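One chain, subunit A, appears in both complexes that follow, with subunit B as partner in the first and subunit C in the second.
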Partner chain A sequence: MASDTDVSLLVIVVDVNPIWWGQQAHREPEFTLAKCLDAVMVLGNSHLAMTRSNKLAVIASHCQDSYFLYPTKKSADNGGDESSSGDGKYELLSATNNQMAEEIREILSKTEVRGNSTDTLLAASLAKALCYIHRVSKELEVGQEMKSRILVIKAAEDCALQYMNFMNGIFAAQKQNILIDACVLASDSGLLQQACDITGGLYLKLPQKVALAQYLLWVFLADSEQRSQLVLPPTAHVDYRAACFCHRNLIEIGYVCSVCLSIFCTFSPICTTCETAFKIQLRQMVKPKKKKLKQQM
Partner chain B sequence: MASLSEEVLLVVKKVRQKKQDGTLYLMAERIAWGPEGKDRFTVSHLYADIRCQKISPDGKAKVQLQLVLHTGENITFHFANESTAVKDRDAAKELLQQLLPKFKKKANKELEEKNRMLQEDPVLFQLYKDLVVSQVISAEEFWANRLGGVNNTDQALYNNNKQEVGISGAFLADIRPQTDGCNGLRYNLTADIIESIFRTYPAVKQKYCENVPHNLTEKEFWTRFFQSHYFHRDRLNTGTQDIFSECAKQDEKGLKSMVIQGVKNPLLNLLALDDNTLDEGYGVCSPQPSTSVANRTVKESSNSAIIKRFNHHSAMVLAAGSRKGETLNDQGSETSSTDGNSRDSDCFHPPVKKAKLQEATEYDDLQGENRPKTVPLNLKKSDRYAHGPVPLQSHQYTTSQDIINSVNYIHHEMSNYKPNLTQVMSSTAASSAIAALSPGGILMQGGAPQAIHQMIPTDIQGELKHLYVAAGELLRHYWSCFPVNTPFLEEKLTGHLEEMLQAAYNKFHAWQTRRMMRKT
Partner chain C sequence: MDEEPERAKRWEGGYERTWEVLKEDESGSLKSSVEAILYQSKRKRMITSHNQVRLGMVQGHRNTGNIGLLPILLKKLMRHLYVVIDCSRSMEDQDLKPNRLTSTLKLIEKFVDEYFDQNPISQIGFITTKNKRAEKLTDLAGNPTKHTTALKKAVDTVCGGEPSLYNSLNLAIQSLKHMPGHTSREILIVLSSLTTCDPANIYELIKTLKTLKIRVSVIGLSAEVRVCTVLTRETGGLYNVILDESHYRELLMMHVKPPPATTSSECSLIRMGFPQHTVSAVMDRDAKPSFSMSHLDSSSSCDPGLSLGGYFCPQCHAKYTELPVECKVCGLTLVSAPHLARSFHHLFPLQTFTETPVEELQGERFCQACQGELKEKSMFTCPSCKNVYCMECDLYIHDALHFCPCCTHGDAAR
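Let's turn to the complex of A and B:
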């Protein structure tokens, strides 16, 4: 059993891509960004209410930058200067909610129209989350242990250009024993599936968006120790097949350059990425090629 | 069979076995009987196989000797020589009585070893039950590879499990004489102390063996020992009638040989050590040569005598510890084994010596770095790394109009955002989500892959494990036959092993059908 002072940090990365959410509002008016943020707040409040030593951070992932919704610099400066809500709510929760609302309002009101970047900067948000976790772990008291996890709520589609950064982030999380959970609203994301598989988190694609809060509370509220006691949706099979660099087709068996590690589906004597010449004699080269072709067929 | 190159200890003629006349031969390791006139032995048994012997009672007409083997078989020899039957029989019986105990130990030892191994290792025991008891492998083959280790390495291991107890350096001082009241001293000798004395001073042991119990009783011997100057601090080699004066001379000889041998470790120079203090002259005066006998004072000489004795005593204790209980049959090796150098000299054979010198003279940190040579990376198409090995996905393009519309909509919507946490979702939505998440719901269809070890009862798991281990053992036998060098291995492979594998497969099949029948 974790001792009373063990800290459990939950970082929620919310995808607030305005283009996707704007289109979503037309597609499905009963589930808008406001509803989504409400559900996220419910989860955050529940997490804080579970144990006094639980910590929360919320990052909004925009297509231009990623912002911290909570905790923000202003909250650190002001302290307890907020107007208390009149309904007798736990002050921490009301302060959190107010901050988050204020921040998101500000961020979205400053959004400008830009055509070239319409993808959510998810890799950057992930990196920010990892850095925040690292910073908090340094600020712990002596003898305190911290368990952290990141929950990614993804709306828009994957951006292929962020692959390298994303994978670096995933492996960094794995090394730090940070779980990455994913709650996907619309289209499946191969990157997040890999992230969850590698770090040991849960991947969930919602069948119903309106019940987001219910899914969040059921599946993602418990931390890793408690999850073993619950019956949760089973992990699906992850397709780890790589795509060759020449045709971008998924292959099962291929050739890898030993210098630059680029993957090819057929043999060529010179790697096209790094121009290394492979010193294999012609005869031997022909034989394995034939064998491979036979196998693939 | 009739290998007459063996040493024949006893020949008894006119011995009948199974109503046939013949001759009984007792050899060094076995007993054999051959019928009259023939050159071969029809009956031959190793002493190791014989459990015990029995003789017919004296009153009976027939003079017989019966051998009971470990396997339970009985072999009876009838001594038919009219005149010397009883004598022959008794001679054979006595010889057997002397020989059997020697071989008994060996046979028992092997059995004991086998039993011990089976008891200590439950996996081995299970394997034995599965394979040998159900006759898939013969017991011989089972023990073939395992006991080979027993005779060589395990024996040594077993011996090493009981560590040798060393000798306390203070054993002589521990004797601690007590005053007897009236001017006598009482020395308490325990068996441990006696053993320590014998191990450390083999000369004393030799004297003990020579004199006790022929000339002196044990008590007298020890009284003389303690009275002699050999034991006491100040040794005066006055050549008295002491039986121990020889010991003293031998000790001197041993000490001298030790000093002559010197130290074999090239990294240690004992002669450079000196006991100088800078008392007079502060290093300016040359030190007095204190080793010349003429300049010695009386005090110095008695001190040096004590120191010599201490050194000798320590050397003997160390040498006794490293001798590991050898019997001191050879007197000649006594002095040579008194130096602690013997192990050192082994340590300084050329390759070990070189390694030690290298260790002492070279520092790893100061060596140059030897990193392996690497090829520099020179990317021509680095944009491939940007997307990585990800397949092409159909990209959905949004028109700029869409973008503008979406952004404006969001502006508008979120400018008045207030969290409304009391109405996050409707109860119908929540209950349908719960239904989807409960076992049997949409999301739980994957069938949580239950761990197999939870689905199968433990006894079936256990049986399967045993079968698996047994199959592994058979495979080990199979692979040990390769490379096939001898016709014996070939025959084993094709004939014997195939049978074994077939038997194992049948066993597995039987188990499988049994299990399936139980289920249905």
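Let's turn to the complex of A and C:
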């Protein structure tokens, strides 16, 4: 059993890709970004209400950058002198909700989508979450232990260009025993499936988006020790096959360049990424026996 | 040492006032000065590792998303390393607690864990030497559990006699010379004795090592020995002598990173298999339990033997329970894509951030990664995206993360 002073930190990374959510508003008007953030607030409040020593952080992952919705620097500076809510709610919870709402409003109104980068910067948000967890773990008092986990709520599709950064983030999380859970709203994400498998977290593709709050509370609220007591969705089968660099097909047997680790499906004498020529193993030629030619004068 | 004959002897110099390095802060604690010392040593290590020669250019590696040429560090990522542990009489010395042998074996167990974490597709083997002979403790293998069990059992060995450098190197050469050219062949010797008993001329063996391109490094536990200096210099390895246990750990961990490769080394395409993990539930009627090939040889009773799921080799359908492994039936190396991904950060290391004093920053002083205030005197800026980080985040980013949190895939020009 965890003692009273053990800290459990939950970092929620929410995908607020404006393009996906804009299209979503047309597809399904009953599930918008506001409803999604409501569900996230419910989960955050429940987590904070479980034990006094629980901590929360929320990061919004945008196309340009990722922003902390809670805790923000302004709250640290002000010292929390917002007006207390009038309906008798626990002050910490109402302050959290107000901050998150204010920040997301500011972010969405002020940032513009520049250039042609329309993919969510998930790897960057993961890195910021890990740095935040690292900082909080350094600020603990002597004798306190901390268990942390990251919950990623993903809306838009995977961006293959972030593969390497994402994998580096996953290995860093695995080293520190940080679980990565994933709640996917629309299409399956191979990257997040690998992340959950490697770190030991849970992966869930929502059958019904409208019931997001229910799924979040059921599956992702409990921490790792309590999860063995609950009946949770079964683990998905993760495809660990590599994709070849030439055709992007999934292959079972491939050729790997020893210099740059690029994977090819067929043998070629030169690696296209690092342009090194490969040494080809030639079979030993059997030299034909020299016949003595009769010298014809 | 040969290179500095004119250096004054230690007693000829002035007194070193080592106590003046530590300064107390207002509350009387030494924590800040200890942290500053640790920080300086970390920075030094980071800077030296970044000064390695960058060779080779990679054309827009698709996974990094960078279009155009990026510099890539040439490194041999498939390593074959033999660790030679000296078990001679000097290992019973108690200057390392409880004795040198126990301390060495404990540190080497941690080394094995780190080694397989950073180099998942490499192999390691162990050789012990005592009584003027050398014998193999474990063969070259890619599975860490076999090595750690053997090391744990080796704590009880009786140390005696003299080590033999020649015999242990010879034994290692027998297996290493058959390894393909694109892999690295390395030997790491932990030598505590000041003597060695060799049946033949060791300088001839050094010439053989050079032609076979085997890199030998030595960690000395007592003092510097000339033959080791020559050995490491000729083969291109490192030679260090430990000061105390923490220095010993640091020296061991230096060998975890893959060594740089020369441009003349061979590069080849390695044929590898990427098996799928099949998990069949007990309810599945077609599920047939089968033996795993790796458990056929082992006689441990804790393994159930028969299991339903596992990894099937794509070429011969032999079953294995864990990766990476070399298929015993058809010889194909089986890995999974994350194993290759673990080695990427060796090839594309993150550049060092520039250190500037905090006063130069206008506006709010907070770290972009952890949102904390910049409390130290200096801040770190990423050269590509110009974002500011605090010292803790800088260390964490370079040690564990290996990528800048604010560099988006479009802007990063590494």
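The working rule: the second predicted complex is superposed on the first by the 278 of 297 C-alpha atoms of A that agree within 3 Å, B and C clash if a C-alpha of one lies under 4 Å from a C-alpha of the other, contacts with A are read in each partner's own complex, and residues count from 1 in each chain.
Simple rule for what comes next: a contact is a pair of C-beta atoms (placed from the backbone, for glycine too) under 8 Å apart; a residue touches a chain by one contact, two chains touch by 3 or more.
None of the values given here were measured: they were computed from a predicted structure.
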| item | value |
| --- | --- |
| Side-by-side fit of subunit B and subunit C on subunit A, or clash | clash |
| Which superposed partner A:F278 touches (first subunit B, second subunit C, both, neither) | second |
| Which of subunit B and subunit C A:A39 touches, first, second, both or neither | first |
| Partner chain in contact with A:Y163 - subunit B first, subunit C second, else both or neither | both |
| Partner chain(s) touched by A:C131 [first = subunit B, second = subunit C, both, neither] | second |
| Partner chain in contact with A:F245 - subunit B first, subunit C second, else both or neither | both |
| Touched partner set for A:K175, first subunit B, second subunit C, both or neither | second |
| Subunit B versus subunit C as contact partner of A:F267, first or second or both or neither | second |
| Contacts of A:Y203 with subunit B and subunit C, given as first, second, both or neither | neither |
| Subunit B versus subunit C as contact partner of A:Y70, first or second or both or neither | neither |
| Doubly contacted subunit A residues - partners subunit C and subunit B | 115, 160-161, 163-164, 167, 242, 245, 259-260, 262-263, 272-276 |
| Interface residues, subunit C side, partner subunit A - complex | 56-65, 72, 74, 76-78, 117, 181-183, 266-277, 279, 314-315, 332, 336-338, 340-345, 347-348, 364, 366-373, 392-393, 396-397, 400-410 |
| Touching residues on subunit B, where the partner in the complex is subunit A | 375, 377-382, 384-393, 396, 398, 400, 402-411, 413-415, 417-421, 424-426, 429-430, 432-434, 436-437, 439, 442-444, 446-449 |
| Residues on subunit A engaged by subunit B in the complex (per definition of touch) | 18-23, 25-26, 32-35, 37-39, 41-42, 45, 97, 100-101, 104-105, 108-109, 111-113, 115, 118, 157-158, 160-161, 163-164, 167, 190, 204, 207-208, 210-215, 218-219, 231, 233-236, 242-245, 248-250, 259-260, 262-263, 272-276 |
| Subunit C contact footprint on subunit A (complex, rising order) | 64-66, 68, 71-73, 76, 115, 117, 121, 123-124, 127-128, 130-132, 134-135, 138, 159-165, 167-172, 175-176, 194, 198, 237-242, 245, 251-264, 267-268, 271-279, 281 |
